[in-house]
Amino acid sequence: MSRSILRTIAIPLAAVVFGLLIGVVLILSQNASPATAYTALVVGGLGDADALLRTLQKATPLIFGGLAVAVAFKAGMFNIGGQGQLLVGAVFAAAVGFGIDGLPMVIHLPAALVAGAIAGAIWGGIAGALKATTGAHEVIVTIMLNFVAGNLTDWLSANPWKDNSGNNIVARTPLVEDSATIPTLGAVPVGFLLAVVVAVACWLVLERTTYGFEVRSVGHNRNAAQYSGIKVGWIMASTMAVAGMLAGLGGAVESLGVDGRFEAGVNVGLGFEGITIALLARANPLGVIPAALLVGLMEAGASRMQFKAGVAPELIDVIQALILFFVAAPIIIRWVLRMREDNSEQLRLGAGWGQS
Amino acid sequence: MSEVLLAAHNVTKQFPGVLANDDVSVQLRPGRILALLGENGAGKSTLVNILFGMYRPDSGDVIIKNEVVDLHGPDDAISRGIGMVHQHFQLVPPMRVVENIVLGAEPSKRGLVDLEEARNRVVELSGRYGLEIDPDALVEDLPVGMQQRVEILKALYRDADVLILDEPTGVLTPQEADHLLSVLRELTATGLGIVFITHKLREVLAIADDIVVLRNGRVVGETKPAETNESGLAEMMVGRSVVLRVEKSVAQPGDVVLAVDELEVNDDRGQIAVDRLSFEVREGEILGVAGVEGNGQRELVEAITGLRHPMAGTMRIDGEEVTNGSAREISKKGVAHIPEDREKHGVVAVYSIAENSVLNRYHRSPFSIRGVLRRDVIERHAQEVVDEFDVRTPSIAVAASSLSGGNKQKLIVGREFSDDIKLLIAAQPTRGIDIGAIEFIHRRILEQRDKGAAVLLVSAELDEILGLSDRIAVLYDGKLMDVLDAQDADRERVGLLMAGITK
Amino acid sequence: MKPRQKQLLYAGAALLIFVAWMFYTADGPQTTAVLAGTVRAATLLALGAMCGMIGERSGVVNIGIEGQFLMSAFVAFTIASMTGSLFLGTIAGVGMGLVMGWLLAAMAVGLKVDQIIAGTVLNISALGLTSFFYDRSAVGIGKYTNIDLGPLADLPLLGTVFFSRPPLTYLTMALLVLVHVALFRSVWGMRTRAIGEHPGAADTVGIDVLRLRYFNVTIAGGLAGLGGSYLALEAVGTFSRAMSGGRGFLALAVMIFGRRTPFGAYAAALFFGFTTALQNQFQLNNTFDIPPQFVGMLPFVVTIIVVAISGLMGSMRDPAALGQTYEKG
Amino acid sequence: MAPKRRHLLALLMVLGLVTAAACSSDGGGGISGGYSIGLVTDTGKVDDKSFNQSAWEGAQDGAANIPASATASYIETEESKDYANNIQLFVDDGAKIIVTVGFGLGEATIEAAKANPDVMFIGVDQWQNEALPNLAGLMFPEANAGFMAGALAGMLTETNIVGAVLGTDLVPPVVFFKEGWENGARYTNPGVQTISTYHPGGLDVAFGDPEWGATTARQALDQGADIIFGAGGATGNGALIEVAGEAGALCVGVDTDQWFTVPEAHPCLVTSAMKLIDVGVAELISQAYAGTMQGGNYFGEVGLAPHHDFDSIVTDEMRDTLAEVMAGLADGSINPMPG
């Protein structure tokens, strides 16, 4: 058993090591010290309670974003729309968070989270429903919906839901009420715990329920799924809605637990990192957690790395791209490490391109 | 004439887990037809793929025109005059006939395809060999017989003097097949040599000059038509004596189970594939649907099983209308379905045997309760299916992709037969599997009939239809030509109906 | 194309020309400005669409066009500012495009990585690398200027819109014709379409499927590379972070609208360019008081609608082998 | 297997090349003893050719002006969530003065100033509602800068059409620049037609889309505008460079003297509507060092940048008018944004 787990994580682990090694070259090219830089990176992400909190806070939306991609993967679809789903989730959660007062926390906070989840679900569901009914490819549709979501949430936060208090001039909503704010337990944000619970729930649903069986069947063999009586269109649409819901929850947790409001331009790029996370986790919902923690750690430590070692924080982006590359093309790692090729499933999506 | 056109000399080819060719030698001379006979999986395809340069042998030699050659790819073989007509046509559907024929050897001017020249050459070629064809038709619009003609022209266009045909008659009516055989015979008159791969004994006896029989990757016999007969060949092929006819009792038809009335179904391209069909299937009988592939069988089966919406007409099962029922609703009525394409529809390759064994009933008790799968129950069920239906596998935990075709098919049949069946839809139930498995599945289908199930058997193998059916419906161009009682049906009559000729 | 469709197309084109002329006589400068802006915005999309088209016609999905644009724009700008030569910069951009195309091919064709994942790797890498290595002290050396095509440039409306353009725009228009001829008339094009539809068939007639895909995806990268050069050296004259701004993805949509044909894609690109130019014009004129955020959604919403409708009509048949890695035998 | 290996080798080689192609950059950060000044950027770079850069130059100037040997260093914010953390890094490092750039850091800066009364904070573009003794908000009346630039444009235009290509209306300073610009142009040239466009995209792309900026500037030129105001980061810079390619057309930069930040725009750059961030930051640093810095809001200067190559086309008459305008803005007799 432990052997097989080892085999499963060997490639991602090696990919991380390779990525960091090439990062050393990049750091040297900037006349900086790799040791200093990486030490700063780790201290910046784990050094004290504050650092740990930051890492967990950064990992939280990454878990949700990673799940949004991984779950769609399972149904054979590529959800590039995490960004848009996250944005609408964030703005609607914030709207419920600041728009209602006088509610007890046990009602208000869940209501705000649900608002974000529903908004995300609708945003993802549009792509899924179009795919199921018209065959419009979800990659194109979700990319377009990302742009639309960006504009929509900017406008919402600059007009009807704008924070008009005091001296505010930028596009952002008022702070959410305390009763809708996700608390932090010591160095652990409750949002992170929620993300972990959701990740485990995703895994259980996918592996242990008939719905999960249907999703996986559609992902592996759409024709056989249809043959066995599964409503393929419904599964595609609902899985994309679930994926959107997960991303929307991520946005909601950002608004309610990290930023305290929605602000235009603040959550840029979060949704896209879900792709890296999901691939690093090989689309396994449980694998998403460590993958998100790793990337969250790097991002939390990046400022300190620039401060201490003078390395531009974009190094993190480059290292992430390299890791992604090595995970996607495991043959390189196998070749370097002389590992035996195993028949573990390689992630396949392209074959679904254009098929309705 | 001592020239050898094409030969394999002591060829051995190993695939992971299978010795596909074991020290195989065959030889083809000009003007002769060499039949390669063998069961599915006997190594025929591997051998011709080696001869055509698709695979390289692990050991042994390929000899073309008395010369040992080292083929690096099909282009090597083509340039040496080898042409091949594949079992699955290697044509590009949305391209024209002429484009398909010249592809890879295009006449060109400054890098641009000279379509005019190509068209002229195709017209000339088809005139010369009596293989008439419209060079500007899209391949996807052509019936299969015509597509096969394109394949043959493709080889002839490349000045082939050896033609390899892999199971060429499977997609033809008996009459078309006879016509093909006579065309081939004429071709040999020009000195062409032909390698003819088949598992149909009748054809071998009708056309071959030399016969080589393969079994389990080895040559187990070489003979000539004059020296043998069908049962002799069958025994050589299988390695034991074979009952060529299925033994069955007389049918005891009961009430109507499936009633199809004026059913109209479109294909993927929106064209009418099933044209106002009406028929009934009763308890305890097998209705065989004969016809050349692509005459609406697939669409008919998909409509009946709820995978495709009919455009018009009605279907009833046990008197209840199910015309627009979903696959699941129909399956709930006690309908079992053996799909025609087991890789595409029958199994999920990466799923374990256990998961595949409940592919159509995972949602029902006892396999799941309130949406939660019960793995122990599923695994027990899978073990039962594997035991009862003789699925050869090391474990029920392995992926279905590791099973052979016959074992996959037995797994599917086992899965479908594990409930009480009211109506069985069996589409090409024995395609591409070995004789042992064929016999096994035939017996099981008859067993279901005798237990009172209504069976709709769709098959492109006329022998299978004739052997199993109690009544035979013949489809041509989406229309029902006729429904015959089994005792009135013979190869000749059904064949004519399959070609749309009612007399 | 069926004759009915062709007639419809001609009728539509005639109507468009008529409408354009009406507007031109009503307000010359504005009409000219909008149409010139249309042609301009279409160039990059057309280059990206041709890149995607050659890949998809060969059976390889390329969603890394965005990354190819960005990386090539970066290299084109850097080399141009180092050497002081726009031409060398352009060449370098094309070269980088070829390298990016080759990387995609190496992953998607050679190593059989899932094509969509491979494209995503390109996008993420390009954003990271160009940000990391961007030398902000590099100074642009200007950009390509318009070249008037003799008397043609003096034509009313058309002169400004089509015949007074910078060189890479002309090159793009020429490439549209070239790619069209190559795809639909040449030996290469026939083989390319064959490996995208039925690689097995191509293989059995001796076409090396993997090699041709490798070649095509690499060459197509060169077109995206030209797009990057255009972006940095003709459209803008400098480089800035993430300057491709999603146009690589739009190019993909344009390619699909255009049914993977160069002229179809160009028509779609012009349509996109037109929506962009029109929304600017509405603002410039204060025509409507719609927030720019909503006007800005227009191209994206239109894309979704068109993709959905064309899906419904079944008019977008993808190459049959699109997205699948090819295994011999 | 052999060909596969070849792919791999080649791939690895390319990776190596890409990494080796790294050009060295001077980097930021660093740790120092002595008197240190820290600067935290908004989500942007210290050499964005815009306000971050301007503030960084001011911080360096300020450090140089201090008698004691002072050093300045910066952290570039990647994500707005890191504002507080990045400020804290400087606090922990013992920085005496911390400059934070941009409205977005306002709240984080106030928090930090409250928590660290010993450290002096300078918040660029951060309005202070209540004055903290150790925090100065450096504010600029953008509308005035836009008005002056517009006034000059109104006098210079020959077609009587002036255009503006702008970032996004989501960011108020951009709106102030635009309104001021249009009103200024009308002030000196009542018959002028002003055509202005905001970027239609989201906040994440509105300042980073030079292609749109260039295309839109061209669209304005094509319908007769002969002076274009480009205000909006890289988007506006794209507009400036586009105008540079049009003979006879003029352009106006924003924030800093873009003669130095966008050399590509030399052929058209007649002036820039400047916020003198560098001057303001340097001044506040000196005050902070001297202990004379007042909490609350500090108004920096705005103005027009020199005309450089176009000095000759700005007549004395125009200069006189501009002087009047400046005086009028200063004494309040001219309202740059009426209504």
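By written order: A, B, C and D. Residues from 1 in each chain.
We take it that a residue touches a chain if its C-beta (ideal position, glycine included) is under 8 Å from a C-beta of that chain, and two chains touch if they have at least 3 such contacts.
Bear in mind the structure is a predicted one, so any value in this text is a computation, not a measurement.
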item: Any chain in contact with chain B as well as chain C; value: A
item: Steps needed, at fewest, to go from chain B to chain D via touching chains; value: 2
item: Farthest chain relative to chain C (centres taken as mean CA coordinates); value: B
item: Pair of chains joined by more contacts [C-beta pairs], A-B or C-D; value: C-D
item: Distance from the mean Cα position of chain D to that of chain A, given in whole angstrom; value: 33
item: Mean-CA-position distance for chain B and chain A (Å); value: 47
item: Separation of mean Cα positions, chain C and chain A [Å, integer]; value: 30
item: Shared interface positions of chain D, touching two or more other chains; value: 4, 8, 11, 22-23, 25, 168-169, 200-202, 205
item: Sites on chain C at which at least two other chains make contact; value: 111, 129, 246, 291, 293, 296, 314
item: Two or more partner chains touched - positions in chain A; value: 26, 147, 151, 154, 158, 312, 314, 322, 329, 331-332
item: Pairwise chain contacts, counting only pairs that touch as defined; value: A-B, A-C, A-D, B-C, C-D
item: Sites on chain A touched by chain B in the complex; value: 208-213, 216-217, 220-221, 223-231, 345
item: Complex contact set, residues of chain B against chain A; value: 305-307, 326-328, 331, 337, 339, 341, 344-351, 355, 359-360, 362-363, 368, 371-373
item: Residues of chain A defined as touching chain D within the complex; value: 22, 25-26, 29-32, 50, 54, 57-58, 147, 150-151, 153-154, 158, 166-167, 169-171, 258-259, 263-266, 268-269, 299-300, 302-304, 306-314, 316, 322, 329, 331-332, 335
item: Residue numbers on chain C that touch chain B, as the complex places them; value: 181, 185-191, 193-194, 197-198, 200-208, 314, 317, 320, 328-329
item: Interfacial residue positions of chain B with respect to chain C in the complex; value: 49, 52, 54-55, 73-76, 78-79, 84, 86, 88-95, 99-100, 103-106, 108, 111-113, 154, 270
